[in-house]
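You will see two complexes here that share chain A, one where it goes with chain B and one where it goes with chain C.
Moving on, here comes the complex of A and B:
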């Protein structure tokens, strides 16, 4: 094998010996300028509204909130110390972990079952698909209004049904033990149909001969699912999982209508608490610290996906 | 042989139990919407009483429309989603093209910087972005709601993938004929990526039509409030909780997307699928 010849840039030129790198040909330089001009709007906007905010949030979280004439001063980790002792923050974090821990597996599980159903030749398949998917296109705020009515004590639909069955009256959203569960259910309802779409797309992309082979082998439906469909759906599951995780920390719109985080913070979530601290109490420094925690959680998940899940998953 | 055929049929056909369960779940999924439609189209006294003889009415919609500036909210949301979509498409088309077709120093770093937004979404950075908007004097404007979303990492990623799959020969052929980079982008790449543009547009419009938290934070008057925020302000005011009016307002604000979805169901579902497969 011939030795690789040094490329042009490695060859010392008279210019580089003088400490000046060789300028690219005129045409090429213009080319590079064009490329960066195409990228410029996107990069500038991202810099201004994604990268800079991350940096400034981190910076603010180590400072105090400016109040009137008192400028903000460096307080080190004080905001984070306050956070550790803040019962509402701890409640919001615990609630959020519970909320994410329930919505993620439940919505993904339901999505998978829905997709397996509507992928088959079933009576009214198109209608079912529509029924499952409809919540996705409805605004969460509007949906929350409807569910609020659903849960209303005394004359809400849920109460009428449970009353007819002779069950005791319940105030689902007003009771600290049921409020979080009630808002979690809404999230599952909203999300399952959305995730179903991705599973459905993957199922439809599967080679039909796999199914025929399994049928000839006499495999049961369960075996076919476990040995063939489920492994092939793995990349989709990872994709859906990451989305479900992000949404688990982002979906708070319904709280504004249904519970306002109450009663007694029983249903508050991190982003909702962040909103309250930042825009009801106007404690921007503390709100920045909460933002840092939220961003850290989501970035952690992204890195985990990138470095662990993606490597373990078998791609076709 | 007949044994195998039978088995294959049984294998493909879901049992009656599946069908029953699927339909029960489907009904459960539609129930809130059906309930809302019932309440909105009947007089208030029937909002929790289900009688088939109950008279139908459009009165609740009329009263909701008069009780809040919904016309203005509709206008704001339409302008907002349109503005965001157009800027997103232009900005990400240019960026995606640069990433897909050119090699240049710093490309990987620039692309990584773009991808950051997939995880650290504008929804989370509300405190810092509010500060920026206040400094720019943009608080309570449609522009302030849209700005953080104009550059979309998702769109750039999606279009880059699409552009990369377009054969380079088409590119070269156009270049031989003397077309410049932008001309090639416009004449070759954009038309070929049409389905992806439609997919992204539907996803973007449904996201921004429904977006709530950031618009709530950055607006404080009817001038800039989109539908979602207007609806929340409207239903939060305790007016003896007239459910029929609130559900009417709720359906009103969801109607454009819902109707579009019912009409173009297939397109919607396929678009969401396409946007999800990377």
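Moving on, here comes the complex of A and C:
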């Protein structure tokens, strides 16, 4: 049921509506210059720190890395060919898809459940909301250090719990089969509270008469959620989804503390590998090529979400 | 019209002012001291920044014609990122303390100058020869000296004397060789009623930079991982595979934790009595001294074919893109700060190994050694210590080894296969430098 999007009604569509006649051409030009001058600072910053780097990265990715006296030369698609043969890159990409594939649905689902719960009227609601939101406030490096000790074999929190239940000992971060799962869980834990806030805000913005009407009609809680709340939450979901996707490729801070991509690249993610190539190996050209791939993935997903998903969303 | 005149006037005035200022600056420059920007990393606990600032202030008091500006640059990794990025943009620091293993990277980037040009007098020669040879292995290549040892460390063994006593071992006698280490670790390993291990006999960390810890085993087994020119490695040497097999077997015998062991939590595992013997840096000595609630010992790495351990830590480098006057000033600061008295003070304040025998001969460090003999173990190990693994394209080559080590330790590859793969990858990377 696509409805026209709300037009920005605060902006007058014509000057006459405000009772002002169009300014003479000379003044009009000044007006335009004025607008551009106002836009200039932000525009310059964006160009200098976002758009220009993207273009120069693309340019660099077709060149070799300058090393000392050896200048950089045009190598065409060589860096991309290297990437295809690079087992660590492929591993990082596969890991990242898995990481994103798990964190996105899990953190959004969890956020929704938590939001629905703390939206209810109950004792200790404020405390619960705060508790859910705390992980978001903490810096990722601090979080990673906390979790590092949660996962510590023998006396870590996780081991103490599983040990009390008689489960065998585990080296969560030191085992290639569990390392990626362990760092993914941290990401979910960190993200869910943040997304909960958006869902909570959306739930609170809903008209209470909807609930009353549903109650009068005798709709069950599930029907009310599925038929009323969920569709009305769609705009929020799209927004959260975009953020979750970006974070799925951006969140690597905890790797520096917890696994450094190990054991044997089992928990390496794209951005972490990119940092390694760029700032440990100093292979800036190859790092540029990886950046281009990463940007392409993210841009593709963002466009898909904005143009396809957005159309199916019901805006009030 | 009026506005235009005003603008013109302003422009003229600005130009005039600029010209005046430049002239003034030129005159000022002749009188101001040579400024030396100095990047330093902080990799261990303690008031490092305060000590460094104190050194700079003392140096400037003695040498008013030089102005040293110490700049804290983060961890070792962050420091080299900052220094190299600054170099690439044309304005590097004049000098910086960076990892000794970064030598080849800095040479390849054409970022640093050798110290040989500055060592002129016989006194300078004596100073350069005064450093422990073990530290100079990572500071010299191709007959030139590229780094001056400053904050250096090495891997040593720590053991819990209480647990030794409980296991019926002599608490004052550390395992001296591989066989003794394995025996002791077997006796030290404790299990609870359900058969779960509550204390591991020995623990060698393997996260992040396992190659460094592995060098304690490969070196004692008589292997050398890389050549002096940094252009070839021997990861698939049977002695290397054998050393790795020993490490893997410790885990298989159930006396060493399985999988990859976290470097960061290893000291804590030791405090918690979860590991009876650990291998870690001398840099942790102060930390362990402060936190271990039991009597502990510090010893050399157990021998096999020979004794040995890798060195680690940071060297001074002088950057190419600075003026000769600045480079000379930096050299004078470096020579001053590595004099025995300063090196001794630095060692006591930080826990780093003093870089010359002369420093250990100073009264202050002698006194400290008497009151805390554990601090001298690193020094005693230095005569048998070897260079930390370092080659051209260093981080990539060490990553190849790290991945192989972790693959073997987690059981996803056999030791021979893991080292064969690491060798192939390293050969591929080093092709360009042959």
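Note that in this section the second predicted complex is superposed on the first by the 283 of 316 C-alpha atoms of A that agree within 3 Å, B and C clash if a C-alpha of one lies under 4 Å from a C-alpha of the other, contacts with A are read in each partner's own complex, and residues count from 1 in each chain.
In the analysis below, contacts are C-beta pairs under 8 Å (C-beta built on N, C-alpha and C of every residue); 3 or more make two chains touch, one makes a residue touch a chain.
What you see is a predicted model; the values in this text were computed from it and never measured.
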item	value
Touched partner set for A:118, first chain B, second chain C, both or neither	first
Which superposed partner A:69 touches (first chain B, second chain C, both, neither)	second
Touching partner for A:264 - first (chain B), second (chain C), both, neither	second
Which partner reaches more residues of chain A (counting touched residues only), chain B or chain C	B
Chain B versus chain C as contact partner of A:60, first or second or both or neither	first
Touching partner for A:98 - first (chain B), second (chain C), both, neither	neither
Contacts of A:279 with chain B and chain C, given as first, second, both or neither	both
Which of chain B and chain C A:149 touches, first, second, both or neither	both
Residues of chain A contacting chain B in one complex and chain C in the other	149, 152, 155, 257, 279
Interfacial residue positions of chain A with respect to chain B in the complex	31-32, 34-36, 38-39, 41-43, 45-46, 48-54, 56-57, 60, 110, 114, 117-118, 120-124, 126-143, 145-147, 149-150, 152, 155-157, 160, 189, 193-194, 197-198, 200-202, 211-212, 214-216, 218, 221, 224, 239, 246, 250, 252-253, 256-257, 271, 274-275, 278-279, 284, 287-288, 291, 294-295, 298-299, 301-302
Touching residues (chain side chain A, partner chain C) in the complex	67-69, 88, 148-149, 152-155, 163, 166, 168-169, 171, 173-176, 257, 259-260, 262-265, 276, 279-283
Of chain B, residues touching chain A in the complex	4, 7-8, 11-14, 18-19, 21-23, 25-27, 29-33, 35-36, 39, 48, 90-92, 94-95, 97-99, 102, 104, 110, 113-114, 116-132, 147-148, 150-151, 153, 156, 181, 206, 209-210, 212-213, 216-217, 227-228, 231-232, 235-236, 243, 246-247, 250-251, 253-254, 257-258, 261-262, 265, 268-269, 272-273, 276-278
Chain C residues within the chain A interface of the complex	77, 81, 84, 105, 107-111, 194, 196-198, 206-208, 257-262, 264-265, 268-269, 272, 274, 393, 395-396, 399, 402-404, 406-407, 409-410, 412
